[in-house]
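These notes open a run of structures that come right after.
Each of the next two complexes has subunit A plus one more chain, namely subunit B in the first and subunit C in the second.
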Partner chain A sequence: MFSDYAALIVLLPVLAFVLTLFFGKKFPSGGAALPIAAIAGSFIISFGIFLEIYPHGTVQQSMQWFSTLNFGILIDPLAVVMLMMVSFVSLLIHIYAVGYMSHDTGKPRYFAETSLFTAAMLAVVLSDNILQFFMAWEVVGLCSYLLIGFWFHKPTAAAAAKKAFLVTRVGDVLFLAGIVLLYVNMTNILANTGFSLEPGNFMLQFKSMFAAIPYIAPTQLTIITLLFFGGAVGKSGQFPLHGWLPDAMEGPTTVSALIHAATMVTAGVYLVARTFPMFVEAPNALLVVAYVGGFTALFAATMGLVMNDIKRVLAYSTVSQLGYMMLALGTAGMVLGAKAVGISMFHLLSHAFFKALLFLCAGSVIHAVGTNDLREMGGLFGKMKITATTMFIAALALGGFGIPGLHIGTAGFFSKDAIIEGAYEYGHVTGDMIPYVFSIIAALLTSIYIFRLWFMAFSGKPRQDRHAHESPKVMTIPLIILALFALFFGFSQAGFYGYLETNFELMGVEIGVHEGEALHPSTLILWLPIIVGVLGLVISYLIYNRRILDMSRIVTRRNPVYQILLNRYYEPRLSSYVIGEKLTHGVVAMSGEFFDRKIIDGLVIDNIISRTLLSLGDVIKKLQTGVVRNYASVTLLGVGLLIILLRIGGM
Partner chain B sequence: MALISLMILVPLLGAIIAFLTKTRQQARAVALIASVIPLVISLFLFTYFNRGVTAIQFYEAYPWIQSLGISLSFGIDGVSLPLVLLSTIIIPLTVIFAWGETEQANKFYGLILLELVGVLGVFTSLDFFVFYIFWEVVLIPMYFLISIWGGPRKDYAAIKFFIYTHVASLVMLLAIFTLYFNAFQVSGVLNFDMQYLLKSYSLIGSPLLKDVVFLGLLFGFLVKMPAVPFHTWLPDAHVEAPTAGSVILAALLLKMGGYGLFRVILPTLPFTASTGLLITLMAVIGVVSILYGTFLALAQRDLKKMVAYSSISHMGYVTLGAAALVPLSISGAMFQQFSHGLITGVLFMSCGVIQHSAGTRIIHELGGLAKHMPKLALVMMAGFMASLGLPGMSGFVAEFLVLVNSYFTLPTFVILALFSIVFTAAYHLWAMQRAMFGAYNEKLGHIHDGANYEIFAMGVLVLLVIYFGLNPGSVLNMMTANAEHLDRLLRFAVLRGVIT
Partner chain C sequence: MSLYMYLLVAAIIFTIGAYGVMTQRNGIKILMCIELLLNASNLNLVAFSSFSGNATGQVFTLFSIAIAAAEAGIGFAILVALFRVRDTINLDNINILRW
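Take a look at the complex of A and B:
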């Protein structure tokens, strides 16, 4: 019954967007009511569909758009878990925002845009074809642009919004190029090989794409998947297109929570998961996914260590965790097959819960103390017990705390350890241990930076006289709900893997699930992730709580390592200043302008045409002024020429 | 039913009445009525047009100068109807947008109506001579719109516009006459019928003359589009033109060039002496226009000039899609014409509102306008997003169709064109950031939002852009049959071994 209304999952928030944008002021709490109701509706329908199709059903609806293209819905296990997560987390963030944005005058615009943001993400998730996926994906980008720049009167916000759009746009162009190449390949194999579409199927549907894989030349498949991955790199903030994400915190904190947890950055990981059957057939592309992911996980974590802005620490944490998800798809994809999708998606969901929680806690802190700067916080535990406790839980989840032997632990423990184990297994099978080493070091750094953040914010004595207070219930209740998920979501691991394992078989694609070759990791390997996690906690405790080390002697202008990290490897300067301002605008655009004005216009037009013909015009003007005369004379000239030409032509 | 001639005569009559009116209220009322009636007619044509056939429909013909084989014959097919629809949408909205015009209002509205007469004549004429007359008719009102209501350098701009397009027209006229006399030599019949003359093209004896005639026609159309390197008249004309003039210029007059490509160039292209080379030439011009327009837009300080260069870039897709000669690339290029007409209207109207309100369009002299102009900010943002190719809006469909389908025949050019996408987004967002966002520039003093009629005109265009972005089939299905017909000509040429 719910399946018949699948389209409403997207349409309800779209409707809420339109109504809130134009009539938001007339609705309760600045227009928040409609999006909340709409997204609650989306969640209920998604959940209802889940109950209906579990364990082996899918929902497929499709209609022709134009030509060989279609609009359609595909809800399979992969999509339905994502739909539930997106709508649920987005719902909680919307409720929280009622409190967080209560003093903002732009509430109707805010809630309209977040509603569209959620709708676009839901549309990405349930797309049944790659083009519609891309279209919704672009609308996600638009909404992130509008929301990061929500406080558009702040120049930094306007700049960050632009950067986010442009950097992800680089990825989008690659993604689009991949679609172009896929379309061309599909057309050619339809014309030239025995491959044909089943009746009622359209060319760019995922199932058609998967069915066509055996017919596509391997090099073409590798290029297509790499181009898709290029899109994912942009959207999911992977190196080297990661720079926009930390800047994106210029928007309201609730927007950051949406972007980082529910509605945007996960789209890139989801794209790779969605098209995973193609990646599996292109091992070279998978290797690139693994390395980019692994490197990003480590690279971003190093910057998380030194940031002083509470949201920026979390932003680098997101980049790093997304790297883990990519790493899982890459490494586990090569040795475990379809299971990799389950491993990666499980971390995606568990990360969504605890990262949304971290951001909302940060928002609660910022709301209370009025600053983002960790150095101006401290000693808030006594004043904000709920926020502090829930944030500690989130930090434990991010750090992956749990007990390996007993299968007890936070959500992050189950989800991240599986990724690290997958990387180990990949290393064991192929002898390439680099991704595993990356993931272990990154785990240590993760634990250090997140507890550094927690101790700096909540422990010690208050560093400034601020009248901090706990946030209202509308904000704390979402925190508590998310904390419960951060604690207990991990226990659904086995069921989750089982549910997603058969996902592609439902579409008739046999990827195969390898169980690994009787791999029994030693106790050390099993315990290593939690050991480095505890180690990180202890290090942060000693430095930022007990203060056994004078950080002011390390954190100096003279320390080159610190400077590189603090300046984020000079990426902002490179992308905005060198590439944007100097190279594109300064060199290419301005030399084009010079060419246009001085060469084409200056040398050719003004000299040749203007001088001769305008002086002719002057002569005629002396006889008779007025432009009509000019016109007449030019026309006459034309006719005269014509007559001469016809004479020559022998007429 | 003489629907098409009625559609052309009503605005002509309206123009005469508008010239004679005494007050601006009367003039604008006349203009609105005389432009809405053609809209109603074109909606009727749109509804009852028989999709899926290539033939001319709603045909009507009246003898004129029979001794020279000239007749007033009109009709529409899938190539022309979308542009007829576009013209009859744009002109009433332009009249509404310019509802507050005070300076010599009767002439102003009269000239706008004459533009409608001209473009409708161009898009529906089936006689090459009549086509040429309308082609010239379009020029004159635009010349006056620029030179009377224009900015400080209006004389320079108006004359430059005039000379450029007029030289192009003359070259085209010579080519038409060559076709005419050639057909006469072959058959002994004097006839200006367009289809007849185009079919007779392949009978031109000398290969050199064939290519010269083709290049003459091509030149005439490329200048109008405009394509690089024949484009420099456009930014100057736009900078000086009043907003209504710019809207008509960009939304309709440029489309005449593209229309020429589909109506005249593609049917003759397979029969030229050096088809392969000429296809490459067109593809190069198309891609260079896309990239060059993009980078030049990035260099501009004047918002309106930036939009002008973006037109050059977007019209490059038309040339590229036409040159690729794949059915859907041709449809995509035709759809790009239609789509760009709607989108560019919003952009130029935005520039007009800003100029009117802030007194300047220099981007760095603006800043933070969104704070005081929320309504403008909304429609302008929608227009800019459409222009940078956001999916869900018409521009995306057009550019996607062109890029994907051109890849079959011109892969390298498509890869080059893809590069422009990031930079296209860059100049749009850069302009939004500097002009609309950030701190409000207090030097501008107190400014007000766009008038309701201005926002209305822009809002309608935005809604249409979204409608045709989600439902492109309603226009594309008119074009498909003609596009496939043009493609069959190409296949014929391949069989003849002209190109490989």
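Take a look at the complex of A and C:
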């Protein structure tokens, strides 16, 4: 029964967007109730569909758009878990935002934009064809731009929004190129080989794409998947397009939690998971996914160590965790087949819960002390017990704390250990241990930076005498709910993997699921992630709480390593100065100006042609009255005459 | 509904737009009237395309809409710039290029 209303999942938030945008001012608290109700509706429908189709069903609806393209809905296990997560997290964050944004005058605009964002994100998730996926993907990017620049009167926010838009655009262009190349290939094989679409199927639908895989030349398939991955790199902030995500923290914290932690940035991972059958047939592309993901996980974690802005630490953490998800798709995809999607998506979901929670806690802290700078916080534990406790839970989840032998732990423990074990399995089978080493070092750094953040914010003595206070209930209750998920979501692991494993079989694609002998690795491998996690916690405790190790000699402007990390590997300078100023302005724009000024103008002006025309112009210019309306009337009159003449001429 | 109803609506919109372009002095109003002219022709294209079962007209309209958007963007940018310099967008006063 719920399946018939699947389209409402998207349409309800769209409706809320329109109503809030135009009438938000007339409702209490900027019309927040409308998006909250709409998204609650989306969540209820998503959940109802989940109950209906569990364990082996899908919902497929499609209508023709034009020629061989369509609009449609595909809700399979992969989509339905994502739908529930997006609508649920979005719902909690909207409720939280009622408290967080209560002092802001732009509330109707805020709630309208987040509502549109939620609609677009849900549309990404339930698209049944890659073109519709791309369109929703672009709307999501637009909302991200609008919300990063929500406080557009701040120049840094406006610049960050622009950067986010331009950098993700690089990825989007690659993605679009991939779609075009896929379309060309599909047209070719439809004309030249025995491949044909089943009746009722359309060209760019995912199931048609998967059915066409055996007919596409392997090199073409590799290029297509790499271009798709290019889009994912842009959206998910993977190296080298990661720079926009930390800057995006200029937006409201709720936006960071919703868009730049839980949902939009995971769209890239979702894209790779969605088109996973294609990636599996292109092992080279999968290898790129693994390495980019693994490198990003480590690379971003190093920068997270030194940031002083509480949100930037979390932003680098997000980039790093997204790297883990890519790493899972790449490494586990290579050796475990379809199981990789389950592993990656499980981390995606548990990450969505605990990272949204971390951001909302950070928002609660910022709301209380009025600054983002960790160095000005401290000693908040006594004043903000709920925030501090829930944030500690989230930090435990991010650090992946749990007990391997007993199968007890936080959500992050189950999801992250599976990724690290997958990377180990990959190393075991292929002999290439680099992704595994990356993932272990990144796990250590993760634990260090997140507890550094926690100790700096909540323990010790207050470094500033602000009257910090616990946030109102409307903010703390979402925190508590998310904390429960961060604690207990992990226990759904076995069921989750089983549910997602069948996903591509439902779509008519066979991907081998290898159980892999080494998936039951030695005790040391099993315990290593938790050992490095605890090690990180201890290191942070000694440095930032007990202050046993004196960091002041290491953390100085003179230390080149610290300098590089603090300057984020000079990536911002590279993109704004080298690419922006030198390349775009200096080379491209200046050479264009030279061509225009010297060559075009030089040839036409100052010669006999121009002088004759000028003197002729002196005579004719008297026709110009300078009144625009005269010109318009004469033009219309002329067109009218022309039509009459054509009629007379018998056309 | 017959094709003529669509054409009639388009013709009415076109006439309103043409009237506006010829009589208004405010730059913004003129730009809005030009949009009306464009959309009337878009409507015609879509109507013909739909009734003849040929998608070309619709594709053409999409291009036309995109170009109209660019045109409106540039037009309004010019008007904003003009307003900053001359403190007016009454086009009757903008005639220094006259001879």
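Convention: the second predicted complex is superposed on the first by the 602 of 651 C-alpha atoms of A that agree within 3 Å, B and C clash if a C-alpha of one lies under 4 Å from a C-alpha of the other, contacts with A are read in each partner's own complex, and residues count from 1 in each chain.
Note that in this section contacts are C-beta pairs under 8 Å (C-beta built on N, C-alpha and C of every residue); 3 or more make two chains touch, one makes a residue touch a chain.
What you see is a predicted model, and the numbers here were worked out from it, not measured in a lab.
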item	value
Which superposed partner A:His428 touches (first subunit B, second subunit C, both, neither)	neither
Superposition-derived comparison: subunit B or subunit C, residues of subunit A touched	B
Subunit B versus subunit C as contact partner of A:Tyr183, first or second or both or neither	first
Contacts of A:Phe66 with subunit B and subunit C, given as first, second, both or neither	both
Which superposed partner A:Val170 touches (first subunit B, second subunit C, both, neither)	first
Residues of subunit A that lie at the interface with subunit B and also at the interface with subunit C	66-67, 627
Residues of subunit A that touch subunit C when the two form their complex	66-67, 621-622, 624-629, 632-633, 636
Contact set on subunit C toward subunit A in their complex	18, 21-25, 30, 55, 58, 91-92, 94-99
In the complex with subunit A, residue positions of subunit B that touch it	140, 143, 147, 158-160, 162-164, 166-167, 170, 173-174, 177-178, 181, 229, 232, 292, 295-296, 298-300, 328, 368, 370-371, 381, 385, 390-392, 396, 400, 403-404, 407-408, 414-415, 418-419, 421-423, 425-426, 429-430, 432-433, 436-440, 472-473, 476-477
Subunit B-facing residues of subunit A, complex	65-67, 131, 134-136, 138-139, 142, 145-146, 149, 152-155, 157-159, 161-162, 165-166, 169-170, 172-173, 176-177, 179-181, 183-184, 187, 580, 584-585, 588-590, 592-593, 596, 600-601, 605, 609-610, 613-614, 617, 627, 630-631, 634-635, 638, 641-642, 645-646, 649, 651
